[in-house]
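Chains: A, B, C, D and E, in written order; residue numbering restarts at 1 for each.
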Amino acid sequence: MTNAADPVQGTHRRLQRFTPVERFSRWLVLLLVVSAIVVSTRHVQIIPEFLYDAPEQMLDLLQRLWPPDLSYYQIGVHEALVETLHIASLGTILALILALPVALFSARNITSNPVLQVLAKFILVSSRSVNSLVWALLFVAIFGPGTLAGVLAIAFRSVGFVGKLLGEALEEANMGTIEALSATGAPRLSILLKGYWPQVKPALWSIALFRWDINVRESAVLGLVGAGGIGVALNNALNTFYWDKVSTVLLSIFAVVIIAELVVTEIRKRII
Amino acid sequence: DDCQSRGSLDVIYCDADGDLVADAPTDPSKWRDPSTLVFTYTPVEDPAVYRDAFKPFQDYLTEKTGKKVIYYTVQSNAAEIEAMRSGRLHVAGFSTGPTGFAVNLAGAVPLAVKGTEQEFQGYNLIVIVKKDSPFQTLADLKGKKVAHTSPSSNSGNLAPRALFPDQGLVPGDDYEVLYSGKHDQSVLGVNSGDYDAAPVASDVFKRMAERGVVNADDFRIIYTSPKFPTSSFAYAHDLHPDLVAKIREAFRDFRFPPEMQNTFGGADRFFPVTYKEDWGVIRQIAKSIGEEYDRKGLDDMAKKEAEKAAKKKAN
Amino acid sequence: MSVTGNGTTSASDPRGLGPADAAAGVAKSMRIRGLFKEYRPGVPVLKGIDLDLEGQGVTAIIGPSGTGKSTLLRCMNRLVEPTRGEIIFEGQDIVSLNRAGLRRLRRKVGMVFQEYNLVERLSVIENLLCGRLGYVSPFKAWLRRFPAEDIDRAFELLDAVGLGEFAQQRADNLSGGQRQRVGIARALMQAPHILLADEPTSSLDPKTSVEIMELMAKLAGERDIPVVVNIHDVALGRRFAQRVVGMSEGTIVYDGPPGGLTDAHLKEIYGGEDWLN
Amino acid sequence: MSVTGNGTTSASDPRGLGPADAAAGVAKSMRIRGLFKEYRPGVPVLKGIDLDLEGQGVTAIIGPSGTGKSTLLRCMNRLVEPTRGEIIFEGQDIVSLNRAGLRRLRRKVGMVFQEYNLVERLSVIENLLCGRLGYVSPFKAWLRRFPAEDIDRAFELLDAVGLGEFAQQRADNLSGGQRQRVGIARALMQAPHILLADEPTSSLDPKTSVEIMELMAKLAGERDIPVVVNIHDVALGRRFAQRVVGMSEGTIVYDGPPGGLTDAHLKEIYGGEDWLN
Amino acid sequence: MTPSSTSAAKRDPFPVNWWTRALWAVALAYVVYAFGLLDLNWDRMVAGMGHGGDMLARMVPPNFSRWSLLLEGMLESLEIAVLASAVGILLSLPIGFLAARNMMPPWITWPARALIAICRSFHPVIVAIIFVKAVGFGALAGILALIVASIGFIAKLFAEAIEEISLKQVEAVRATGASFGNVIIFSVVPQVLARFVGFATYQIDSNLRNSTMVGIVGAGGIGGTLFSAFQRFDYDFVAAILISLIAVIMAGEYLSIWVKEVFK
């Protein structure tokens, strides 16, 4: 065995973590990140004075938030809260329905037509790029203020998310299984139903739950632009300077969100 | 608490001199002398347009006070009022109705309204319906879908409540009040048939028609109110008196350049006003329906609404 | 349920499941001539394979990793597209089939996979019924409306592979050996005229491997169909095959009975010699 | 680079890497007495194991699945906490070590895993250097500032296992056999006084398995350390071990040279008999 | 082979799962009920379609004449996203690590998880409302709100990523006698780095999208401009803003693909 002291073997090889290209790329990323931060810090309009007495203002706010006006729950919150849940649920369901074909078109192992793929990609990207509040603004303008606009906003915003993840799940399906089914001479539709579907089903439910959980949060603010739900109550309370009602609304949202998360975790444990 | 008289003002303010607006703090250490002045205009209309429109005044204010002046755009009356209360906003134009809340809840001190040498600018409350609708008078609106704008609005909510009962229509009793959020949303809602009618500010409606957003010929105006002052300009009560003097001076001496006059319908200067004098009519409106421009006022209104809702449910 | 001896057999007899299928001359025979396969142009993996598979019995294909065993097997039902050559199965050239023809062909070719390739989240019995998907419309498959004979046959086959108790279990609850038995049963559900198996035992422990090989040999014997098995374990191949095909670098270097396979052959096939003990 | 013959060897000689480490009496010996392990109270997996490992040479532990082979091996460097018993290694009782002591012990015990357990996203050479992590401060480890001797030694070992070319490749780009060679090299980087291997070949094909066993036997011989291998493949175990330990249900049922292992023993160990051909 | 046995024929291949059926029935009933609440009717749909068509018609051609306003808002949004991401990610790292249950004892993971849960509970817009109150209008409020959102997202996913790592690799490194720190550096970090870069780039992306919205409550960025363009019914300007937004986010997506490639 070679000795550790043998210089000929040892010295000409060095521990090198990255190739020069990798090293350069990493430095480039770092440089970009740092310069972005520096430029932003310098350019963004921030009045530092406002930071100094922020604690004071927070205290003023807390004093006005506390104690919450719990009586407001029955009057103005409860119904809106239920409506919020409906918006989130219906929006998610609608999104699932809309996302299914898009996901099928976007999965490379299922669709080979490049035109369909590009189209699917475009739908996915635009759905996600446009915020749910912006979708809400659009649908409020089209259908007028109310729940319908909220449901559509949630659905259109979620299509991209659900479609993308579902498409990825489809692409990750075990191709061995698919191959085995095509080796039996099964038609394509049967392969979809019996090969892909059982494989992506848990992923689909999990995506749906995940998105529903997000949508509960999102639908809570749609009311700020008139698309129904608890956000309307929040907006009213804010516009009338009722911070004790605001806190009631916030507490309700918090409770619902936490419950939603618990429910989702529980269901997920069971189905996976 | 050593405050003698406070009127409708919030507990953190004091009105010893009886001018109905918050006095500067007696303790000079509480006077603010910010390095940067934040200025904004009421959010009813295009904030970007107004930011550009107010640019000459912003420069003038900088010149007069020697401070950097920033124009921030706001999206709601409430946010604007809250900002002044938190000391995040120093000089601002408030909408007519919200001015009362700004004074009482945020310690705003109104000092001017856009106008000419002779008078300040005004606007009316109008009630619009679709031209092809059967409604001809306010009384026809019983049981219909009528949109108010927001609770603190004068023309969009408070004035209707004060003025409609004389015309045989009691908001909240004869129809359920729906809040649209903004004047323009009310107009749009009527246009799309979501609402049967809406009380809105005449100037907003006019501008929307001019912009081609809606066609004025599609509507019928079935009610027009007396004139109200337009937005007030106010400063925060706790600014340093020297700074206040400079701000007042700026408002007094500034003359609108032609472009600004265009934007503001011919107004060429800030016409000096006081809250006590010139907002009397607005306060009167509120008072006549038993509302006060303070938390309690809104409180009462909310309670009444709730009772009505409860009654309705019980039926 | 008789075989007419031409390529349209299964179309007229879609559930030719019985053991009665006689090994007629053309049926159940496969003739491969001059088969080439290149995944990348100019780099052939199979370099002119000639092979005749006839009648019943197990044929073991052995050879080192990467030599093209899987490729050869997968060409036989066109899971891989051959580049050149002929594969005549029951009188038809597989290489030139169109899509519908290919589907019809595949119904007659059973395949057992190294990693079982079951639909993990379906029940065992449903996995078996997947073997009938070539005969059932997607709509009926979706509603699980399989013909009663198919269902009976699935339960019978399940009993035959010793998993009668497991019909309702999900496939992912099974052990490797059990899964492979389901894989075999699924292939047999097709009532295939030939059974291909690509390293069916290499994910299994030695004991289970032996059992699986035994099972395949037995069931294929009962059904009287040829079985082609790619296998790494030479000893296992020798033990169960009536015929061994040794491949090296894309060509066949040995084709004969297991008894004739000498160490010299093995060296030729696998290279090196240290590993032989 | 001499071994002083007591338990503090590696502390004073942190890189005792050379082949010169003599097998002094106490050093490089492990004595296990009355070892019990219960994962769940009352259900012992190991039921009183007595075992002495001394000097060089390969010891193969065979036995059916679930019999406790892995548990035994993992007790030897306390990856699993023994429930009862003694494990004396170089004069120290492993079972009673505190955390720092345990870390010092582990530096002297090399371990090769069934599934290689390389850090997949690190390069091969970094994986080797993992073997030196017991001697390097976290800060230096973060900056990859390893002592030059360690780096040289890593490259040497890499050459020794035939992977000199692969130093900068990421571990997940390697084949199974290559990965296991990295795993062995990593264990040897520790300059261990004993080498444990838990089914090091069961994820590998037969040929590679042989190569890996050969490599381990050879390298361990050169370094003059005992090697303990859990192994499923009895033939492989027999071929490379100087000693075979047969386990069944948590106890040792055979301990002797491979030659002495009869079919009767195998039946006792594994149960059944059909599978023996 | 066994002849078709009668016992086999009686066996049911697909026994009915009443639970699943009941769940589906409930779900279906809910959908029917909830759709009823939407107040959907033909007239409304027709009117809506009309409005929608109108709106689309007014969106083309997009009006970029107020490009300076657009650019300014966009820049501010970008700045908000950059700063919020930088600070958010920096804070998320330790919090996420503290919340990983396979690395830390429960008395540490619990508070960390609670903090993350609180950060996640509220939509950034609601958080922005609070911060606008605390620090005034403008970018700062938006930045703070998005920092909170980033912590809620990255710290959670980061903790999960750590919980999902292969413990075998950790064990192998531990078996060499490596100290705790070294185990982290050599077996945990390599396993989670790429995923972490993935989360971080996703969060930058998401912050960018959200920074276009906190403006609605006055927290800076293009959102305010977009919101008022909507209210003024300047749909051609709305279209211009939306197109720019999608373009920026697409560009960001390509950038993040590249970054992920670098750190894969």
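By definition in this document, a residue touches a chain if its C-beta (ideal position, glycine included) is under 8 Å from a C-beta of that chain, and two chains touch if they have at least 3 such contacts.
Nothing here was measured: the structure is a model prediction, and the numbers come from that model.
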| item | value |
| --- | --- |
| Co-neighbours of subunit E and subunit C - touch as defined | A, D |
| Touch graph components, with subunit B removed from consideration | one piece |
| Which of A-E and A-C has more C-beta pairs touching across its chains | A-E |
| Chain centre separation (subunit D, subunit E; CA means) in Å | 46 |
| Averaged-CA centre spacing for the pair subunit B and subunit A, given as whole angstrom | 38 |
| Length of the line joining the C-alpha centres of subunit B and subunit D, rounded to whole Å | 81 |
| Residues of subunit A whose C-beta touches two or more other chains | 45, 47, 50, 57, 141, 144, 238 |
| Multi-partner residues of subunit D (each touching 2 or more other chains) | 126 |
| Sites on subunit B at which at least two other chains make contact | 38, 76, 79, 82, 86, 88, 185, 188, 192 |
| Residues of subunit A defined as touching subunit C within the complex | 174, 176-177, 179-187, 189-195, 198-199, 201-202 |
| Parts of subunit B lying in touch with subunit E, wherever the complex brings them together | 38, 40, 43, 45-48, 72-76, 79, 82-83, 86, 88-89, 182, 184-185, 188, 192-193, 208, 211, 213 |
| Touching residues (chain side subunit E, partner subunit C) in the complex | 1-2, 4-5, 8-9, 11, 13-15 |
| Contact set on subunit D toward subunit C in their complex | 65, 205-207, 210-211, 214, 232-233, 235, 239, 272, 274-275, 277 |
| Interfacial residue positions of subunit C with respect to subunit A in the complex | 77, 79, 102-109, 111, 113, 115, 117-122, 126, 130-134, 136-138, 141-142, 183, 186, 190 |
